[in-house]
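By written order: A, B and C. Residues from 1 in each chain.
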Amino acid sequence: MTTEPSIVLRLSGITKRFGPLVANDAISFDLQRGEVIALLGENGAGKTTLMNILFGHYVADGGSVEAFGNQLPPGDPRAALDAGIGMVHQHFTLADNMTVLENISLGTQSLWRPRLDRAAARRRIGQLAADFGLAVEPDATVASLSVGERQRVEILKALYRDARILILDEPTAVLTPAETDALFRTLKLLVAKGLSIIFISHKLNEVMAVSDRVLVLRSGRLSGERLTRDTERKELAALMVGQEVKPAEVAAVEPGAELLVLDNVSTARRNGAALDRVSLSLRAGEITGLAGVSGNGQAALAALISGTERPTAGTIVIGGAPMGEWSPRTALGHGVARIPEDRHAVGTIGDMSVTENVIAERYRSERFSRMGFLDWKAARRFAEKIIADYDVKCPSPEARIRLLSGGNMQKLILGRALDPEPAVILASQPTRGLDVGAVSYVHRMLLAARQRGAAVLLISEDLEEIMALSDRIVVMSKGRLSAPSARGERTIRELGELMAGHGDERGDHAA
Amino acid sequence: MDALEILFTASFWVAAVRIASPLIFATMGELICERAGVLNLGIEGIMTAGAFAGWFTVYAGGDLWTGVLVAALAGAMFGLLHATLTVPLGLSQHVVGIGITLLATSLTYFTYRLALPEVTSPPKIEAFQPLPIPGLSKIPVLGEALFTQTPLTYLAFLTVAVVAWVLYRAPVGLAVRAAGENPSAVEAQGISVTAIRIGAVMAGSALMAVGGAFLTMSAFNSFFFEMINGRGWICIALVVFGSWRPGKALIGAILFAAFDAYQVRLQQLSGGIVPYQVFLMMPYALSILALILVARRATYPKALMIPYQKGER
Amino acid sequence: MRLEPKPAPSLAVTLIYPVAAIAATLVFTSLLVLVAGASPLSVFYLVAKGAAGSQFALLETLTRATPLIFTGLAVAVAFRAKLWNIGAEAQLYIGGVVTVVLGTGALPLAAPVLIPVIMIAAMAAGAALLLGPAFLKTRFGVDEVVTTLLLNFIVLLFVSMLLEGVLKDPMGLGWPQSQKVIAEAQLPRIIQGKRLHYGFVIAIVSAIVVWVIMKKTALGYEMRAVGNNPEGARFVGIPVNKVLMKTAVLSGGLAALAGFSEVSGLKGNLTLDLSPGYGYSGIVVAMLAMLNPVGVIASAIFVAGIFVGADSMSRVAKVPSYIADVMVATSLLTMVVAILLTRFRVRWR
């Protein structure tokens, strides 16, 4: 390593607008050889947009990118690759139907060669794997790989192209703590060999662990820059959210009756993990937090409680009555409110109006329909009420919901779900991708529901959120649920071990 | 001759391979498009246009292979139109496909009427003649079936081999398959998904058109209205039936053609007791049946019919 | 280049792109007319005159529009729920078969009873025909585009079989045609001595009924939701598969009415050329109307006018009447682009 750092990458004045939204506002920084920069920011702060510009997926409205002293042409991923920039995306960019070798060598040989030179590719992959401790089977189909292995393939893809600068976008979101540690070791090795790294994250502990320097992004702007050794979590958190973070005020509530009970429930294996004999009870006046690494069955649990998935074994009991038939309608009919993980694909019907979306869960009720005809006046009144009560900013109830911002969309979904004062509330990743204001709004709403005696299940990958809001915490790993722990009973480390599946629980006792 | 004996005659298998040939071209064409993530419902119209373009070139004095080339070019042009609308603009592949079929068909009929305003019975051309391969064609049944065909049939088989090779061995084919599975994998490696998809649809459409041209240049020797007669739609079923694999699709096409040849012979055997329409329905019914049979275990290219925008994941 | 959603477009913007689409279509067909050695202006004039230049022409256009309104509605309804019914042609023929089976004396009923009975039976048959593909789609995931397309061929052969078999008119001089329906099963003409019949009125009423269903009822709401975002619809408790089945019933029934109306109102009997592709043209009609049921009336009349006008034009000018099919197909493609541009902005970088 050189002692005198030289600049490998320079971003100057990058600006990007999406309609009225300024995703990146005049962002400039330098990356030095052998340095790990952490790009810290909340969801929606503009990190991913910035990296997409750097990599040529998007074209900036202003500013320029320079790699090793040469300016990169905008909107050309190939130029970024050729300049030695490699990117490991948050969602893997691998074709599942092809082998590791095919994925890695895609685009590295002339498209018009009559035949892919597999032997050369295999040699090189073997060499790189040995050099960096990234063991993978080159002829394995990507579909058969674990998440950790896929990430290794992504890193190999970049190294195969002689990347000198590696960008990792939220690389730990899908990893267990042990896999995360392995990734960090790999990163150290890369830096030792002279690569430079941009590490994108919203997790403070990781940023503190891997980086030399931290750049904080807030609402599209660079809000701060610190040397990691000179700063601490609290300061970074403040820079990230723009104010001193204080934990939400949680008033004491005496838990009441069991409103929803899952008794040894399993689900069918589709895409992702299935539930394996899960037992859980949600009590009135209590928020149960469900932590876990993404892809361990949280989606299956959410689908189950939402009614879109039926149990293959075990029973769902609501208000003491076991459910025979189970569908979104029965769930809604029994007072289960659902806030889905994906606002766009599931929670709303994009090209329909705000009014039409707001009545979606109850359009067949007497309030909104008579003999199969819908009462649009009543629907509109209801939409106006939700817009007012939940402080939704939208041009009119007739506007297509697609045009609303994420936060306002979420407020509408909250309004739709919470207005009937449901007994049970399922909130699946309710704050993902929202700005700080919207996040605290969602938190207040969930706490208010708890206050009036609702049973809340909060599913989140954000451990800090879980710990701040939950009266009880359960951890999901490989489709199984840990025993619950009361607020403050387990440390982050203990929860992390449970998340990795190294817990003591075998989980046959009712949670 | 009884119903079973037919299966062991060389003439039956010669007919089956001949009937399979246009289907092989068009199925390979559709397969390429779908492997890249684009459903091409323009197939029926593109085959019509190809049938006419090839035939008309020869009718106007061009040589046979020029005719094949012109047909392929015409197909590629309709493919370009299809791809422009469905790939960068991301329009519904269903609606655009049907639109291309309507447009290609009506343009063909318009041109035909314009070129030959008065004719009542369609004129014939000197078409491709059977070209027995010395030696191989002497092998009983199998050799006769495969090696006493016209050059276009040999080209059909060659096409399958080339398509299979390219999709699984050549870098460009890997890019096509990746574009149909996870386009962001292609974009992330610096290859334009749009270019790959447009190219695949153009190449696929060219093959469809050659499939159509087979009918006018190697089977019926003239062009008439509605001559494609649903063959394009059958090819779409064959792609599904073949699990998007060239080899399997080839087997599907030959099985299908054998069945078709068989029903024609059965029809003659049945002596008119069963209405002939029942036999004619069978290929279509068989296609539906094949779709139902494989539907459950079909593994579609994951990005089939999903438009892609740059930077999207 | 990228597409970005536009905020709610103004009326002017909503109209300008479709107008541009029609203009582009005219430009393209003008080129073909030039190739054919005629003057575009005079050809378009002749088409317009043939379509609407006289009372006869106008009535002919409306007569031709009648089946197109039905098939256009069938497609509009189905496409709204993203049920890709390309089988309106087959459903139309089945409607014609039912009309002939019940309308040639099998049911000794008076017209006010017989006609509704036939209509309902025809709709049921058309519905049943589309329920098959809809079932295969929801149960096995078989693409309904291919199955409905293939069914078109099967049904046409089936009709051919009937017309050469049980339904063959013994007095038909060997032609594959059915007997004429009895007087009680005939829809009366709107103006005595002219071809325009009450099928046109039924078509208009159907369009209004469909509009009410789509706009005002829970079913219409469900259909729109399912078409827009099936996963989202399922999440809020809309029974997606059931809605698709209901959509199939409505769509298939409407297409069958086209066959009923053609046989009962216009032709009197069933032949193999009952429809010159009304089922396929219905797709264009529906798209030109942007799937709006009332708009279907206008676009059906427009498309019918092009066909009628082109027929009469080609008798005078040396331009093949297939120019009409080219125009219609081109307008479909230009229109889908226009609809896109009203909703999205194309950014080149």
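In this section, a contact is a pair of C-beta atoms (placed from the backbone, for glycine too) under 8 Å apart; a residue touches a chain by one contact, two chains touch by 3 or more.
Just so you know, these numbers come straight off a predicted model, no measurement behind them.
More C-beta pairs touch across one of B-C and A-C than the other; that pair is B-C.
In terms of the distance between Cα centroids, subunit C is separated most widely from A. Chain centres here are Cα means. That of subunit A falls 44 Å from that of subunit B.
With centres taken as mean Cα positions, subunit C sits 28 Å from subunit B. Subunit A and subunit C, compared by their mean Cα positions, are separated by 46 Å.
The set of subunit C residues that touch two or more partner chains is empty. In subunit B, the residues that reach two or more other chains under the touch definition are 310-311. Counting only residues that touch two or more partner chains, subunit A has 75. Those residues of subunit B lying in contact with subunit C across their complex are 41, 81, 85, 88-92, 94-96, 98-100, 102-103, 105-107, 109-110, 113-114, 117, 229-230, 233-234, 236-237, 240, 275, 277-278, 280-281, 284-285, 287-288, 291-292, 295-296, 298, 309-311.
Residues 18-19, 59, 74-75, 306-308, 327-329, 331-332, 338, 340, 345-352, 356, 360-361, 363-364, 369, 372-374, 376, 395, 398-400, 402-403 of subunit A touch subunit C in their complex. Listing the residues of subunit B that touch subunit A in their complex gives 169-172, 174-175, 177-178, 181-182, 184-191, 301-302, 310-311, 313. Across the complex, subunit B is touched by residues 52, 57-58, 75, 77-78, 80-82, 87, 89-91, 93-98, 102-103, 105-116, 157 of subunit A. Residues of subunit C that touch subunit B in their complex: 1-3, 32, 35-36, 79, 84, 86, 136, 140-143, 145-147, 149-154, 157-158, 160-161, 164-165, 280, 283-284, 287, 318-320, 322-323, 325-326, 328-330, 332-333, 336-337, 340.
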